[in-house]
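Each of the two complexes below includes subunit A, the first together with subunit B, the second together with subunit C.
Let's look at the complex of A and B:
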């Protein structure tokens, strides 16, 4: 029995295994539900003490743009949650440089501290994961 | 005719095809994820800017504000609210929604 697993028996082989999980975000927020769903799963994953990272590629970079005010469209503004990830020990946020530039954005336009990576560096980050979950 | 587009210009080609097929003097209203097409400095800005020579381009302000891009509106784009959206639909003979 283990407190960590909520009382569920896990055999010794699997208990305590830490895998590298990357959540790959490629959709803009609000127009579809993908960005919010990804964030929900990321927060769940934080409870399992895994090695979690987030990647923002293509329109996914729009998820972390500063100054989102959603009152006018009657939807929840979930962008402040990205700033809370640090509190869950999720500190690896990678942003694709080409995607930022194609949208006229720079690191200063983002609401959270990130590492901006060129294509080769982003490719390496993806390749080193055990699991990549795509949204 | 009023053309209404709701897909990001950097993910889908709806904005592209709309601009290509809209006749001179038509209106294009960008809503939801298509409002990114109304921002300056992007890879599609030049194409939208050029299209404004023949078309009137509108963007829904609440959708720009939600996405944090209200401060990046391209020159020449007219911002409208929901009432303005209704007015545009009412004052045009027909509408085309690009899904």
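Let's look at the complex of A and C:
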């Protein structure tokens, strides 16, 4: 068993197969645990050498907003982890334009470099994927 | 076709776990395969044998165990999500096992479809 790959030994069926994985983040970073636990899957998927992208829509855009301070709610501020994704070769981050605008946010408010897409372009990105995991 | 299933919600609290089970059963009845169900987030609560629903209600945990036994479905509980919520080997119902998130990613790579049930 390997810690890096989250409990599996890569066998012949997995090795060499590269699929397009998209993690679709729809929820605010705090209030529920979805965002935090989803990030854990993203990091594991990097160990499998897959073609990974992240999409942020609806309240999910709040996950990557700059200047998060969580001391007052006694929870870990895990937002710096998004900045570390680059080190795992996860560089395709897509953000839904309408979701940003509806919340009075712009690209400058985000703590990572992203591609802002309109909903048609986002739908195209989703359609390209082999696996979409939605949290 | 091979379906992997991801369950993200707790039993009884949310429809997701019932829908996931019914989907798995329907797929198997139609001749498809469901090699693995992965339990994540509050979905890990589907695995505890300490669950005792009222007698006139469905037993969600026992239902998964039966599915695993009859159709060789691998019921995998995420170790990290489980530890957060007090789900360990000693409380697992038959057919469940604890392992890492790699099992979820592997299901996405190896199977034809990965279907998520949750909010």
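In this text, the second predicted complex is superposed on the first by the 121 of 135 C-alpha atoms of A that agree within 3 Å, B and C clash if a C-alpha of one lies under 4 Å from a C-alpha of the other, contacts with A are read in each partner's own complex, and residues count from 1 in each chain.
Following the convention adopted for this analysis, a contact is a pair of C-beta atoms (placed from the backbone, for glycine too) under 8 Å apart; a residue touches a chain by one contact, two chains touch by 3 or more.
Because the structure is a prediction, the values reported are computed rather than measured.
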Inset, instruction - For A:47, decide between first (touching subunit B), second (touching subunit C), both and neither. - result: second
Inset, instruction - Name the contact category of A:34: first (subunit B only), second (subunit C only), both, or neither. - result: second
Legend entry - Partner chain(s) touched by A:133 [first = subunit B, second = subunit C, both, neither]: second
Legend entry - First, second, both or neither for A:65, with subunit B first and subunit C second: first
Inset, instruction - Return the residues of subunit A at which the contacts from subunit B and from subunit C coincide. - result: 27
Legend entry - For the subunit A and subunit B complex, residues of the former touching the latter: 27-32, 58-59, 62, 65-73, 75, 77, 79, 102-105
Legend entry - In the complex with subunit C, residue positions of subunit A that touch it: 1-3, 5-8, 13-14, 17, 19, 21, 27, 33-34, 37, 40-41, 44-45, 47-48, 50, 130-131, 133-135
Legend entry - Contact set on subunit B toward subunit A in their complex: 6-8, 10-11, 32-33, 36, 39-43, 45, 61-63, 65-72, 81
Legend entry - Contacting residues of subunit C [partner subunit A, same complex]: 6, 8, 40-41, 79-81, 99-106, 108-110, 114, 116, 118-119
